[in-house]
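In the two complexes that follow, chain A is the common piece, with chain B as its partner first and chain C second.
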Partner chain A sequence: MIGGSISRWTMTYFAAALTWLLVALALMVAGIGHPAADLAAPDTLVLVHVVCIGWLSIAMCGALFQFVPVLVAQPLFCERWALPALVLLTAGLVSLLAGFMALGARLPSAPWLLPLGAVLLVVGFGLVVVDLGLTAWRRPTGPARFVLVGLASLCATAAFGAVFAFALAGWAGRMGDAVLARGIPLHAVAGLGGWLTLTAMGVSYRLLSMFMLAPDVEDRKSRLTLAAGALAIAATVGGGAIAIGFQLGLNTVLSIAALFGLACAALYGRDIAAIFRSRKRRHLELNMRMAMLSFASLAATGLLGIVLVSTRTLPLYLGAFAFLVAFGWLSGLVLAKLYKIVAFLTWLETYGPVMGRAPTPRVQDLVAESRASKWFTIYYVSVWMGTLALLAAEPGAFRMAAAAMTVGVVGIVREIVRIRRLEDVASPLRLPAGAVAPHLLFAKT
Partner chain B sequence: MTDYLDVDARPILRAGGEPFSVIMAAVGGLQQGQGLRLYAPFKPVPLFTVMADKGFAHSASELEGGEWEVLFTPVGAEPETTSIVASNSPFVPWPEPVVELDNRDLDPPEPMVRILAAAEKLGPGETLTSLLRREPVFLFPQLEKRGFRWLGGFRPDGATYELTVRAPL
Partner chain C sequence: MTDRLVDDIRGALRVVIDPELGENIVDLGFIYDIAVADGAVRITMTATTPGCPATSFLKEGAQAAASTVAGVASVDVTMTFEPAWTPDLMKAGVRASLGFAAVN
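== the complex of A and B ==
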C-alpha cells in the first residue's frame, strides 16, 4: 500500500506528548526549574527534558510516523516499532527525570538512574531513527531530506546526552567529564536546532503547500535552506567536538554555527513567504493563521539572538532565548498543526470507508475555529509575556504567564478531544451507516 | 549486487503501444537472481502486484519530468506459475473514461470525496479520470480497500497529476 494509510499510534503519541506539556506547565507555574533555579540546576534539567523529550520530541515522532510515509509515498519500514518506541521513550524519560531529581536531592541518591534513562532513550530513539530513516531514505526528495538531517541531529543529541548521563553517574572517565563540562551548548543546539527545528521546517513545507493549495517550494531553494541548517549543525557538533578534544574555546565554532543558523531561518522565511504568496486558497484556516504567529516567534528569536550576542548578554538571557524557541516557535507550530492533523486524521479514519456511499461531513465540520482561536490567542500572548518576564528577570510575572499558557493549552487540548469525539459534528451527519466512531487514543484502522 | 536487465517502456507507450508482453518476455528471459530495471512515463502501480506474484520486490524512484525508474529485484520466493490472464494485464487498454473530473482547484480533501463518490457510480470495469494538483496519497488506500485499480502520474509540466480509476470487473 502506498503511504497514505493512517498510522495506528500517532494519536497515542500526541496524547502522551500533550500530557508531558501539561506537566511542564505545572512545573513552570509552581516555579520549579528556570528562572527560579539556575540554568544548570537539576530542577532546570527536569523542566528542559520534560519539554524537549516529553512534549516536543514525542509529538514530533508521532507526526513523523504519519507523515514520512506520505512525504515519500512509501509505507513505513516497520509499523510494529512505533508502540515499543513510545514505551521505551516514556520509561527512559521517567528514569532520566528521576535521576535529575536524585541529583537535586529531591529523591534518594541513585546514580544508576541517569545511565538507565539514557540507555532506554537511546534504544527508543534508535527504533524511531531506524524506522523513519529507512522509510525516508527510499525517496529522499524535498522535505524528506530535512527529516533525514533532523534524524542525524537527533542521533548527535542523544549521543551527547548519553555521555552526560554516564559522566554525571561518574562512569564516563576523564574524557566524559570533559564533554560534560563543555558540551552542553552542543547538545542543546543539535536538539533544538537540528532535530526539532529542521524537522519541523521540512514537514511544514509539505503541510503548508498541501493545505493552502500552493505549488511545492522549488527543490533548489529548499535545498539551500537545508544546506544552511545542516552546516550550522555540522559546525556545532563536528567543530564543537574537535574544540573539546583539543581543549580549545567554543566561541568561534558557535559564532560560525549562529551565522549559518540565521541564514537558514532567513531562507526558510523566504520559502514560507513564497508558499503564502502563491497559494490558490485565499482564506486561511485557523491552523495556518496560528502557524504564522509561530513563524513570527521564530523571526523574533533570530532578532533576539542578534541583540543578545551584539550586547554580549546572551549568557545572561539564555533562558528567555530558549523559552521563545521552545514555546513561541516550536510548541506554537506543533499545537497549531496538531489541531489540523487530528481533525484531518479523525475525518479520514471515520468517514474514509463510507465516503461516496453516504453523505459525510467536511473536515471543517469537525472543528469549531472561533472557539479554538480564543485559546490559541491566550497561548501566544502569554508566551510572549513570559519571554518579556524572563528578559526583565521577573519570576512572579513569569509564573503568571505560565498559568495563562496553561489555560490556553488546556483549552486547546479540550478542543482536540472534542474533535476526536466528533462532538462538533451535527448529529444527522455524525455517524452515517457503516462509519465507526474513532477511539480517543489510537486509530482503529 | 543484483544484475538488472533494462526495459524501456516509454517509447512503446508513447507510440500508443502495449508494453506488457515485452516486459513479460523480458521477465521470462531473466537469469537466476537477475532483476529488471523498467523505465516508464508514469508509476506503473498495477505492475507491482503482477511482479510481486512472480517473486519480485519493487523500488520505484521518480526521474526528471515525472518519469519513473522501477527496480524489480528477485526476493527468492517461489515464482507464481499461473500465467497472467490478459484481463489482469496492467497495460491492456482500459476503456475510455465515462467520467472526467477536473479537481485541480478544489480545497483538499474535496477531490478525494468527489473521486470516491464518482467511482462508486461506475459500472463493472468502467473508468474515470481526474486531474489533480498532487499525488492523492490518502485516496489510494480507500480505492484499494474497495477493489478499484488506478494508474496515475504527473504530466510532463509537473503541475498536473492525472489519475485514472477503474472499477472492479
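== the complex of A and C ==
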C-alpha cells in the first residue's frame, strides 16, 4: 500500500482466516481437541494447528502483505506470490489436519499426509517469508525489525514442524524422533511468541500511532523491546536445539527464555502506554478500545505465567495459558484490528479514486460501532470465562464459553461483511459518481 | 485576480475529506501554500503522518479538485512533511469538535 496501491489478496486471506477461526470454534464447542487435553493428542493437534496456522498465521500474512510496504515505504517485492502462497498454505494445512486425524484413527491411516502437509506449508510460508522479508529488508527500521524477527521465528517454527511431521510418519530417523520427543515447547514458543506475538507487536506500534495520531515510539525504546523478545526466541530455539542435541535438560533454557519474554511484554506495555498517553486524538474508536482488552489479556497472560511457574503448576494448566495467549491476546488484537483495517482498505478501494471529484464519506461512516461493540464484548468476556473454566477443569463450562465466543465472532464477521458491502454508509454518499463497489473477497484495484 | 483564484481553489479543495478525521483538508490545515502563476497552480500540502496510506489519494484528490476551478491551466501538488502537521493547524472549531488534545 504505497500511496494508493492496495494488496489484491489481503481480503481473501482475511476471509480464509476467519473461516478457519469458525472451524476452530466449532471444534471447541463440539469438544474435539479440548485445550487442556494432552498436547500430543491428535485432536488437540488438529485444534492447535487450525488456530495457529489457519486463523492466526493466515490473518497475519494477509495483514503483512498490506502493511509491510507501509512500514518500509517500499512496494512489495512480488505481489504475485500472495495468492499461490495462500493456496499452498491452505492445501498444506488441510493435508496436515488430515494426517493428524489419521493418527487419531478418525481417517484411514496415511502416513504420507503429514510430510506432504509439511512440505506444502514450508513452501507456502517460504514464499511469504521471502516476499515480506526482502520487502522489509529494504528499510529495516522501527516496526519492520519486529517483522523480520517474526519471519525468522516463522522459519524456525516451520522447520521444527516439518521435522515433527516427518518423524510422526517414521521418516526422520533417530534424530528426528529425539526432536519430536522434546522439541514441542520450542516449536510452540517460536510460533506463538516469535512469529505471531513479535510480529503483532511490531505492526501494532505503527497502527496505534497512525490511528490515534501519536508520535512514533522512540527507536531505542522499541529496539529494546524487540531485543528482549528476540533474545527469548533465540534462547528457546538455539538453546533448546543445543539441549536436545547434547541431551541436556530444557528447563534452564526455557526459564531464561521466559524471563526475556516477560521483560519483552513489560517493555511493550510501557511503549503502548506511552502511545496512548501521547495521542493527539483523545476519542478512542472501537478498534482501539477493543485492542486495550487484548493488551489486558497479554498482561493477564504474564501474571498467569508467573503464578503457574511459581506454584509449579504450569504443566497442569498449560492449556489455559495457551488459550489466553491465542484467544485473549492474539485473536483479540487481530479481530479488533481487522475491524478497522477492513473499513480502512474498503474506504481506500472505493472512495480513494474519486476523492476530489465527489463528496466522500469518512472511514467511520462505513462502520456501526455501537452495534459491533456488543459482539466484541461477548467475545472477550467469553474468552476470559473460557480461561477460568480451563483453570477450574470444567469442560462443560469451557464448551459453553466457546459457544459464546462463536456468537461473538459470528457477529463480528457479520459486521465485517456489512463494511465490505457498504451497508452502513448513508445512501447519498454510498456510491458517488465514478466509485465502484468493492468485491467481498478481494480488491479490484 | 490571483487572490480570488486562490480563494476559489481553496474552496474547491474543501471537497477533499481526510478519511480518518472526516473533515476537509483546508480546515484541517493540510494546505500549506497555494501559488498561482499564469494559470499554473502549485499546491504544497501535508497529511497527518508520512505513513498514512491515504496520502497519495489526498494528493490526487487535491489535484483533481483544484483542476475543476475555472482559470486553472495546470496543477502541481507537492506533499511535504516539513514542518510536520500538528493539531494547532486545524481551525479551532474543527479541533474542538474532533476532541483533539493540545499540541505536544
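To be clear about the criterion, the second predicted complex is superposed on the first by the 438 of 445 C-alpha atoms of A that agree within 3 Å, B and C clash if a C-alpha of one lies under 4 Å from a C-alpha of the other, contacts with A are read in each partner's own complex, and residues count from 1 in each chain.
The definition used in the following text is that a contact is a pair of C-beta atoms (placed from the backbone, for glycine too) under 8 Å apart; a residue touches a chain by one contact, two chains touch by 3 or more.
On a predicted model such as this, the values are computed, not experimentally measured, just so you know.
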Joint occupancy of chain A by chain B and chain C, clash or fit: clash
Touched partner set for A:A358, first chain B, second chain C, both or neither: second
Dominant contact partner of chain A by residue count, chain C or chain B: C
Contacts of A:P84 with chain B and chain C, given as first, second, both or neither: neither
Contacts of A:A73 with chain B and chain C, given as first, second, both or neither: both
Touching partner for A:G245 - first (chain B), second (chain C), both, neither: neither
Touched partner set for A:R279, first chain B, second chain C, both or neither: second
Which of chain B and chain C A:R139 touches, first, second, both or neither: first
Touching both chain B and chain C, residues of chain A: 1-4, 70, 73, 210-211, 213, 215, 280-281, 344, 347-348, 352-353, 355-357, 360, 362-363
For the chain C and chain A complex, residues of the former touching the latter: 13, 15-17, 19-22, 48-66, 86-87, 98-101, 103-104
Footprint of chain A on chain B - complex, ascending: 45, 59, 61-62, 105, 107-110, 112-113, 115-120, 133-142, 144-145, 159
Chain A residues touching chain B - in the complex, by the definition given at the top: 1-5, 70, 73, 138-139, 141, 210-211, 213, 215, 280-281, 344, 347-348, 352-353, 355-357, 360, 362-363
Contact footprint of chain C on chain A as seen in their complex: 1-4, 70-71, 73, 206, 209-211, 213, 215, 278-283, 344, 347-348, 351-353, 355-365
